[in-house]
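Listed next: structures, encoded as structure tokens.
Note that chain A is present in both complexes that follow, paired respectively with chain B and with chain C.
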Partner chain A sequence: MGKLALGVYPGLVGSACYDFSLKLAAAAADKGHKVSIWYSGNATGSVKAHQKHLKDYSTAEKYLTALLEKGVEICTCEACTIARGIQKPEGIPGVQWNSMHWYLAAIHSADRVLHIGGE
Partner chain B sequence: MGDVKCAFIVQRPQYKGETSRLAMTHALAYQTVEILLEDGETVTPTLCFVGEGVLGLSKGQKAMEMYGITSSESHIKNCLLVDLDVFVCKEDLEKFGIPESTLPDAEDMGAEKQIRVVPFAEIQKAMEEAKHVLFF
Partner chain C sequence: MNLGIFVSDYKLCVDTLDRIKADKLGIILVLNGVYHAVLKEDGKVSELLSKTPNLYALSEDLATRGFSPDQVDSRVKVVDYSGLVDVIFNDFEKVAWI
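== the complex of A and B ==
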């Protein structure tokens, strides 16, 4: 099976691009592919734990938790995340925090990269 | 797997959004990615500015003085300092009436690399040679 690296940059709320990335990652993982997700920019706001799912807003936590259980590797840009006032202990358990080179390393070993640009 | 070439294509203006800046900071990370890779493995990005992405690159920026944030000029200079290939689309500069002479260099920092203003065909070639193309 292949290896897919996703780079996700859009904010959780505001477009369906973020939601699409979750669906794609789940579909790829279900097919047996190895999937990694890199969050940068506004997407990093989605790694905060204790999200309340209001129906008018996209939500991430329950989907990210499910992806982690499927073996999907998820990493957030530490600088982007703390710049938004989110500290590591507040993050969703299992999500990694690292620097931008994590994404480049994921790209290095990926068969396909889907880079979803943000705002 | 050796070296993996990537083309980072910046098509949005600096300061309009965050991703145009993130293209540069992610490209700079090629300097440290080796700590996560096996011996002999590298990632080589080529940073290309096209379309509206050529806006906001001029030298003499005062982003730090005015807003307390790093300027795109500073990021570009750092990219040149670490020997990244930085291409700016010639046709798009002409479209916006931006003289090449307004683009920054990093000679004051000791960089040998310079921004290369190139026809789009050369940027297209960089994309074709890259294993992965990322649009910012």
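== the complex of A and C ==
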């Protein structure tokens, strides 16, 4: 089995890339691979807990919690997240907060890296 | 280097691919990129399909856009997410997203 590091920058709303990364991470974890996800930029808006799921306004908490339970490591860029007015206590339990070196370490130890850029 | 390129868009990426050199190039069509595998413009298929014999398209994204596998160009291998994970780990050393 291998290690897959995902870097995800696009926001959850308005871009299908975020949704794609969730499904790819789940598929890889289900096949026994070790998966890490790093969130930067607008993707960090998704780590705030208890967001209201409106009709077509999706939120990620349910999916991120499921990935955490599969053993996927998820980390949000602390600077990007705070810059969007989200404080650590408001985060989804289990999602780590760290700075870019966490992502670099994940990349360095991974067998495959997929960096999904911003909008 | 064996390089797999994720193409997630239908319009904005063709020239980028022209500048990529790889020993073995793979093009992995996801999201709106799957349109390259099914649409014709002025009767011609996407020029992306002639850049490499290693072509893949994600079945979920085809289905989301109303296409069935039999509508896909025969050069393109249709994979699901599980198959895509195998492509990433087994067929290429590096992957990139454009």
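Here is the rule we use: the second predicted complex is superposed on the first by the 118 of 119 C-alpha atoms of A that agree within 3 Å, B and C clash if a C-alpha of one lies under 4 Å from a C-alpha of the other, contacts with A are read in each partner's own complex, and residues count from 1 in each chain.
Throughout what follows, a residue touches a chain if its C-beta (ideal position, glycine included) is under 8 Å from a C-beta of that chain, and two chains touch if they have at least 3 such contacts.
Fair warning: this is a prediction, and the values are worked out from it, not measured in the lab.
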Sticking to the clash and touch definitions up top, decide whether chain B and chain C on chain A clash or fit. fit
A:27 contacts which: chain B (first), chain C (second), both, neither? second
Check the residue A:83 against both partner chains and state whether it touches chain B (first), chain C (second), both, or neither. neither
For A:109, is the partner it touches chain B (first), chain C (second), both, or none of the two (neither)? first
Pick one for A:41: touches chain B only (first), chain C only (second), both, or neither. first
First (chain B), second (chain C), both or neither touched by A:117: both
After superposing on chain A, what angle in degrees do the C-alpha centres of chain B and chain C form at the C-alpha centre of chain A, to the nearest 10? 70
Touched partner set for A:101, first chain B, second chain C, both or neither: first
Minimum C-alpha separation between chain B and chain C after superposing on chain A, in Å: 6
Once the complexes are superposed, what residues of chain A are shared between the chain B interface and the chain C interface? 113, 115, 117
Which of the residues in chain C come into contact with chain A in the complex? 6, 8, 30-32, 60-61, 80-82, 84-86, 88-89, 92, 94-97
Complex contacts: residues of chain B adjacent to chain A: 1, 4, 6, 12, 17-19, 22, 25-26, 28-30, 32-33, 35-37, 41, 43, 45, 132, 134-136
Given the complex, residues on chain A that touch chain C span 2, 4, 16-17, 20, 23-24, 26-28, 30-31, 33, 111-117
For chain A, which residues are in contact with chain B within the complex? 7, 9, 40-42, 99-105, 107-110, 113, 115, 117-119
